[in-house]
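Reviewing the structure listed below.
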């Protein structure tokens, strides 16, 4: 496989062959609709083993829906949800969390490299003031691991935030759109990276990881999930032929496929980061996973584009001067793809 | 293929081989995410040809979401949506239309064989009284073709209803969860069955028809679609790798696959209906498509179940006496499957 | 006072002098805003005494808001609320309950004289099927006492319904827009008519009763009220100078004013009903409180109108033939007002 | 009248005698319910004269509801509403705008003295990017005049912001909770301060000004108001005896009462500010209307409280050191009240 000159996003890649093969295997005989099928049952079982915890699992089609459904089980319509100001739920979901929760407020917090500053969380909680009728009521904390800047929280950093949250009676959500990348990079077990670190609900994203369209909301506390299936249904997120979503998820987690694919994507990311660094290009953030943020002059970026490379500016792109650009690798990126980019970069800089 | 003893629903079947093959073809090189891919563009073009009309097309994952999204573009939060009292949106979507519209009211109308009685629509409109501040405001009519009872509206019957609706300034939605079955049974063109009959927005369902998870909201009036992409996004219904949804839809409609599969399912339905009728079993409704509703004694139903057959009661199942049971065939049902059911029925009756 | 020829509604009347006087008394020194004032505290205390129960009390501006707020504390967005098909929440609030609950569904049940038929409630519960993902989940029963037809439920009839509801884990709301009329007519104590009969939350309406704009949501179970103040605030229903709402409520209930005013209104209603009956006019319902529903020929109604009388048709008004008309009296109606109507009726019939 | 030692808020005051007198006058004969009464008609006429413009007027009970209703007519559920980060709608309405709009996002902008920085508005618009599916769509600008810090925008400053807004196709809302104070202080006409400066919808607040509970949403563009009465009804904000709300509003604006009362409150505010300044106390903002923000040491504040004075900290109150405190005067504040505060301050500082 190859992603050629496309570094726009990991969801520009297609699906891993194993996932397509699993769809073929899931096809055939009839199966009960709406999740009462053996494949979905097997998925829950497999994930429970992997996470070493009893789970309530809800297969979903998109990460946006997974995040919004999870949050709607944690926050009332008058609830406040704390997140980083660069979080996907805050910047890029066109109000899905607000929609699913019925109007809850997302409060964007600062913090370097897309990691929430614990002091900012404490200050935000103090400012709202629990019980004040005029204010949104503190309800949830949403963390993104790996972050939007391709960085990782340490377990200690997560624990610090979830401790503050739990002491204030907040529930903790983790947006794991690139959870597998985080696991592959950190070597943590799924359990260590989630409930053991204080996460109550996880949006497990496997689409960027290599599936066609398959995510899961995973509740570590089943009492939080009581409303979930009704909310999922009214959101139009209960697949009638759910086995085809579950089969994708199962194919990914069954034999460690998710981690292998993520490890490869991460390796390509690092290769890209190291190649760029050798050229003297500044990296905005450490390349912990499969995303590299390069500080490039606008003219350099334009030369890359002229060669057919695809990538997004991360900050407002100026007419002149430098800007931060995001380059994303995926399970399908080949070393040659990265090397092609780096050598073109070298020429563009020259 | 075969559906064996499973007549529970057409969504208990897997996917048509052509759909899986199309997923494989859609895989490979990278493609722009969120619908900016060539496959999605091609889909819109192909559907516009098929429907002989300029279209705004929104690929979706589920029929529930397609219906709810369509209705949210037609009705304000204080709007009333008229539908049949057996409509899927009225009985089986756990409030998705209410959720997506922000609180609109569905008004269930009576009518034989799941077809709305035009007089009931007129009466319902009169009762609400347009402009009365205390009342929900008439906003939309939603028709289901083929109906929930596996019957068809004639074009004239649809026209009668859409005329009443348009004269009252309502917009018209069609729930086409089994639209292909309706086309295959009636011989109508897509255009004749939709906008030429007064339909403004169509939920085109291809999942029951043979896809994995692929539906489309089709607007014949682009001005109605202005909000649609934002509403779709906040509902978590914009696939990041949308090509995989579009590819399914395209595979179905490209070379008439949808009609072939639907025609087969319909033929199996009729075979079932005719077989049952020969046994002297009363059919609750004419078998226009792939659903047969049989009046069976509870003891007969129990004997079928004991043999492993799957099917649902349509009305409340009594302890004793007869009840109406629904049997559904699909693209995957084989004549032998039907014949096996009919011969078991014969023995169960005996 | 007098209501002259106006029998359109009890909210066409102004306010009782005692209420205006109370506003004057509540004026003067400053008082804490948003309900932290002594008058509001006194109100809760007084109501707790009257209802012989610990209460959570929320003063509100309108009955529509009171009903909607109460229901939003009982039903989730995917909940079903059972009520009579003529209930104000079902027919005349432009979707306020749907709005406040975030999309819950009101299910209108039949029953003679606007009283819910217990069998219909049981059937409705059975049809929904608790736990079925596709269905709205049974959440609440809403009763109206006195009913929309000016009739009363007996305590036994209420108890029968609330028992069915509680056995199915529903919470029970009572729309008491004319609660005082019901008390005055039945001689029941507030406690007997509410929590002792199985009511969990009461919308106590005192505006029709003689206030300017003052209602209260009364929770008999404080745990149900936990969200109420936040929901009330975001609905814009927390008066900044709340003492002026509380003062109205207090003036009404303090010294039995509400019952005196209601008793008078009821007496005027009965006088009207008896007068009409003597003229041979059919009464659609027994005149239990301050509303009489007369079966009149359209021509008779037109003659009354020509004389300046105001009243509403209750059913669709025909061009020819008879129709059911509603005549409402209030605390301000004088015997002469009623007698004037009856004698005009006599002439109009002649 | 007197507000004694209470400087907590202008809504801690009662009502102006003229308002209570007007309620008495509005009482008496029956009047059509829900706003079809002569008093409400007269109000619209009077306001149209005052504002020199055709108006759609909606009497409301609270400022929170007025703001939220107005915004719900300007922004879709996926809309973005720009406002100052200290705006009441942003900080103190427990999500009312989010609730009424169905999930729109408020974007808090910086700016000195609670006035929005035009550059921040432009930057916010650029960041959202109109038409980007992933983002909330720019829909409205909400200004507060007078501001939350008791300052005024100049007409030119307002015009600068509304020009930016209109060029970006935003509609402009003004939160006029203290609109009369702004008029009284600036000498502008109602027209100059609203539509002539680019305001499309005004929340006119008269409760703080001297009414019991009376506000109005005023649309200068009637096409924006098409949905308003249905949204008002479903919010439970349509008074059944609306004449009593309209009468309050009318009493205030009829003979310039609102301006007289506001001018008095402003004068008391300035007296307070000047008195404090003479004591060497720093004023955080110029005292443009009836609010003074004093920089006081915590120990000084505690001494005032010990003397029975009421006022709120505006920023987080420290254990030690100084903090910003808000003191509010009203129509009912007497010079002696202010002088009592100032002399106590003098002693507390000493």
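A, B, C and D label the chains in the order they appear, each numbered from 1.
The working rule: a residue touches a chain if its C-beta (ideal position, glycine included) is under 8 Å from a C-beta of that chain, and two chains touch if they have at least 3 such contacts.
Since the model is a prediction, treat every value here as computed from it, not as a measurement.
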Open item on the list: Farthest chain from chain B, going by mean C-alpha coordinates, please.
Closed with: D
Task: Pair sharing more residue contacts (C-beta pairs) when A-B is set against B-D - done: A-B
Open item on the list: Could you work out how far the Cα centre of chain A sits from that of chain D, in whole Å?
Closed with: 42
Task: Centroid distance [mean C-alpha coordinates] between chain D and chain B, Å - done: 51
Open item on the list: Based only on mean CA positions, could you tell me how far chain A sits from chain B in angstrom?
Closed with: 34
- [ ] Among the residues of chain B, pick out those that touch two or more other chains and give their numbers.
- [x] 77-78, 93-95, 98-99, 102-103, 133-134, 230, 233-234, 238
Task: chain C residues within the chain D interface of the complex - done: 1-4, 6, 8-9, 11-15, 17, 20, 23-24, 26-33, 60-69, 93-96, 98-100, 207-208, 212-213, 230, 233-241, 243-245, 310, 332
Open item on the list: Per the contact definition, I'd like the list of chain B residues that touch chain D in the complex.
Closed with: 34, 76-78, 102-103, 133-134, 137, 227, 229-231, 233-234, 238
Open item on the list: So in the complex, the part of chain A that touches chain D is made up of which residues?
Closed with: 77-78, 91-95, 98-99, 102-105, 126-127, 133-136, 316
